[in-house]
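In what comes next, chain A is part of two complexes: it sits with chain B in the first one and with chain C in the second one.
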Partner chain A sequence: MFFHIRLERNLQLHPRFFGPQLRDKLVEKLIHDVEGTCSGRHGFVVAVTGVDTIGKGLIRDGTGYVTFPIHYQCVVFRPFKGEILEGVVTLVNKMGFFAEAGPVQIFVSNHVSLLKFVCSSSFSLNNLESLQLIPDDMSFQSGDVPCYETSDSSVRIQKDSEVRLKIVGTRVDATEIFCIGTIKDDFLGLIGDPTAGA
Partner chain B sequence: MANEEEDASELKLGEDFLKEKCLMNAEVAKILQHKYDTANQMSDDPSSQLSQVFEKSFAYVKRFSRYKNPEAVQQVREVLSRNQLAEFEVCVLGNLCPETVEEATALVPSIAKKGRLDDERIEQMLADLARIKTFE
Partner chain C sequence: MSILTPPSSPALSSASDDFALLLDSELAAESADEGSEPAANREEAEDLDDENEERRKRLRLDSASNSSCPPHPGFMWGVCIRCGVLKPNSEPGGSASNVALKYIHEEFELAGDVLARVREDELRQVLGKRKLFLVLDLDHTLLNSARWMEVFPDETAYLEHTYMNVPEDKIPALSNGAPAVAGVIQPGGGGLHRIHGMQLWTKLRPFAHKFLEEASKLFEMYVYTMGERMYAVTMAHLLDPTGKFFKGRVISQRDSTCRQTKDLDIVLGADSAVLILDDTEAVWPKHRANLIVMERYHFFQSSCRQFGLENPSLTKAERDESKDEGALANVLKVLQRIHSDFFMESDDSRYTCDVRDITSVVRSEILSGCKLVFSRIFPTDCLEPELTPLWRLCVDLGAECVLAHDDSVTHVVALDRFTDKAKWAKEHRKFLVHPAWVEAAHSLWRRPNELEFPVREGQTRAPVFTFAKTVNVEVERNREEKDQTN
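Moving on, here comes the complex of A and B:
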């Protein structure tokens, strides 16, 4: 889910930049440092939308660099466990499929054992029995275009399909958030079909 | 690092996000379009300035925007906010556009909790949303 939030940061600036363009330089540095990054707490910072205040600079002892506290607003993307959203399938294999929703990758698994392996204490999945996250009536079809298909071929999930899924767990590492999703519940699954009308 | 108690289906978003402004895909598309246009004007090679996170998010919100008209988005917000919904619920409903009461309560279970909206109000709300979409 996208949010518009206020954050603050301390920026350090070398004295060579002190001059009439000081503020511009600070904003430029902020954007460079923060846009495109990801944290577990706030999610992915997609874009800085404005700067509220830049506080007084504090000269650091011994180095001459100056630290400025800066309050700014930005658009972030933060996935939540239990959230339902739409995404695009990017990769299909016999383990399951990957979908992308904005900057975040979501994996929907076909294999109970794989999920137990991936599941560490940082995922909070309560019921391990419900780990098969693709419906039972869909099976993997390999071939030129690998896909998951129902037995009567009425529903096919392949690369570039649009799917609606629910996030069941999230994990954060140094630079990104990774999610596990399911399409097994009601009203989840394929929405747009790239082969429709073919 | 993720808070173990978080659960969007019960609106447990943690202190950081519960009171924050949520954005629908259509609203994000408008903001990112503006940023993209500014980057285009200021430099010959905008892709050097815009991060991959930006590019992916921009492509995503353009693809999954349910409304083309910004006024329609404004109306959707008004309709949904009239029903005392949390920001997060407003945006999930605005993004996914459920058609039936059953679908809406499956997608956003927190709206049907005891003491909140009854089926009739949800149905009215969805009818209003459908009307906005038809006339957008």
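Moving on, here comes the complex of A and C:
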């Protein structure tokens, strides 16, 4: 989900930039440092929308660098558990597929989410418990492009397909966010497919 | 709030953080509610849908009611792939059974029982395609590598002259896709490559590409090496530029569950359907029965030095293994035989054969009909010569071994020409062979010509140390050219 929030950062600037372009230089440095990064707390900073205040600079002892506290507003993207996202499939392998929704990469495992699907390049699906639910009409098709395909070939998920998925779990580190997703529920799955979901 | 302070600092809390926390708690509560929604309601509402969707819903419902974590089926990035919770630091005896499948993805792990199911699935799939599994070692089996600093100037000069300075059309083009760390790869004739990024010379064993092509029709192939990941990936690219043989199946040392040995636990197949081609036996302690030991490919001098061998390497002798009669060609025939025996004996859907049994049967045909007696091989105080490696090897190869000679003996294996048994062999026109003859049989998978392994005076060491046929490089190249123009 996207948020527009106010953050603060301490920027260090070399004295060579002290001059009439000081503020511009600070903003430029802020944008360079912050855009594209991820913090676990706020998520991925997508864009800096504006700078509120730039505080007084403090000269650091021992070096000539000056520290400026900057308050700025930015758009951040942070995935949450239970959130529904649309993503683009980037990699398909026998364990599942990876999809990207903007800066976050989501893994959807085939063991739990795709019980009705069959991996067309190598993998046969098995129901996890004792219910033998591999229907006899599931057929394998070999291809250079690995994909997940229903038995009647009506739905096919391969690289660059768009899928709608639900985040099942996230792991938030200091600088990274990892997500696990599912396409098991209603209305999830390949976008643009008339028979997906309910 | 400053990014420099730790996340849990209460000092500077802004509205956006509160909002984030609020959202977190709301969503956590919601998903807890969702899980307990009665399944019955959903079923009723969808009775009217068409057949396909009904079936799909039923599948999903069944799975929903059956899926429950723990036990977590697997983890990606430390998050359970089914329920999304973080991997607990200390699981009650569960974490021990998680197997890290790093060669599939760095951060991917599967629980033991799920892995077992995955392996069964793969096995069924692959057998359904009438294929078995083949695990290949890299060094000294399919290729030989040497660092630039290990190759002395005279050897470098020989390599450049014989292999690198060949006309452009003789050198196969390398496709893109090599890992960036490998840098520039300069291909030469005969499968020699100069890899600038890693400062390596690599020579592919003759017949390697053809071998892989033929083997890929019968086997699902894995590369399993004790080298580093980057090395493994680069070599796999040299052997398989398009990725059709090994894509996603390259296992390096850090993917292995144990550092010093190799194991079939991370190979997605069953032990009864896997064959291993490796030059070292010791590195496969649990799977000796699946192993087909290959003769080491000593192309570079450094390779001989590494093993403490005084015999000259192929570069020293200015020779190379024969393409059509070398080690790989031989082993390919063996693999084809095992494959056809396996699928001949099994019914269509019940593959009850074990590839290990078939291999030992094929191996025991090599010296079948031979009756061997040994002279001056075992020390006289040796109590149980039947347990020595040489005796056991002879038995594996199908020969009958006895301690005393009689008329039905066919071969006398000796190190000295003038022993009683050796003289007896001469008198009765039996074959008198050096023990290397047995090793040659093991490497070549056929009964070698006994005349090539005579027992010479004063020579206890083997006359040759490699048994595959080698040819002079220049001569072979001229012959190939002539064949092509004809």
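Basically, the second predicted complex is superposed on the first by the 156 of 198 C-alpha atoms of A that agree within 3 Å, B and C clash if a C-alpha of one lies under 4 Å from a C-alpha of the other, contacts with A are read in each partner's own complex, and residues count from 1 in each chain.
Note that contacts are C-beta pairs under 8 Å (C-beta built on N, C-alpha and C of every residue); 3 or more make two chains touch, one makes a residue touch a chain.
Keep in mind the model is a prediction, meaning the values are calculated, not measured.
Novice: With both complexes superposed on chain A, which partner does A:170 reach: first (chain B), second (chain C), both or neither?
Specialist: So A:170 meets both chain B and chain C here.
Novice: Classify the contacts of A:102 with the two partner chains as first (chain B alone), second (chain C alone), both, or neither.
Specialist: first
Novice: Touch check for A:187: first (chain B), second (chain C), both, or neither?
Specialist: Touch partner of A:187: chain B, not chain C.
Novice: Quick one: classify A:81 as touching chain B (first), chain C (second), both or neither.
Specialist: both
Novice: Pick one for A:42: touches chain B only (first), chain C only (second), both, or neither.
Specialist: both
Novice: Scan A:13 for contacts with chain B and chain C and give back first, second, both or neither.
Specialist: The answer is neither, since A:13 touches no partner chain.
Novice: Please tell me which partner, chain B or chain C, touches more residues of chain A.
Specialist: C
Novice: Between chain B (first) and chain C (second), which, if any, makes contact with A:3: first, second, both or neither?
Specialist: A:3: touches chain B and chain C.
Novice: Would you mind listing the overlap between the chain B footprint and the chain C footprint on chain A?
Specialist: In chain A, positions 1, 3, 5, 40-42, 78, 80-83, 122, 124, 167, 170-171, 185 sit in both the chain B and chain C interfaces.
Novice: Inside the complex, what are the residues of chain A that reach chain B?
Specialist: 1-5, 35-38, 40-42, 44-47, 49, 75, 77-78, 80-86, 88, 100-103, 122, 124, 162, 164, 167, 170-172, 185-187
Novice: Spell out the part of chain A that touches chain C in their complex, as residue ranges.
Specialist: Residues 1, 3, 5-10, 39-42, 69, 78, 80-83, 93-96, 107, 109, 111-112, 115-116, 122-129, 131, 133, 135, 140, 152, 167-171, 174, 178-180, 184-185, 195, 198 of chain A touch chain C in their complex.
Novice: Note which residues of chain C are touching chain A in the complex, please.
Specialist: 1-4, 7, 12, 14-17, 19-20, 23-24, 27-28, 30-31, 46, 49, 52-53, 55-57, 59-60, 62-64, 66-67, 73-74, 76-86, 101, 104-105, 108, 114, 117, 120-122, 124-125, 248, 268
Novice: Please output the residues of chain B touching chain A within their complex, sorted ascending.
Specialist: My answer: residues 1-2, 4, 6-10, 13, 16-17, 20-25, 27-28, 31-32, 35, 51-54, 56-57, 60-61, 63-64, 88, 91-92, 95-96, 98, 102-103, 106-108.
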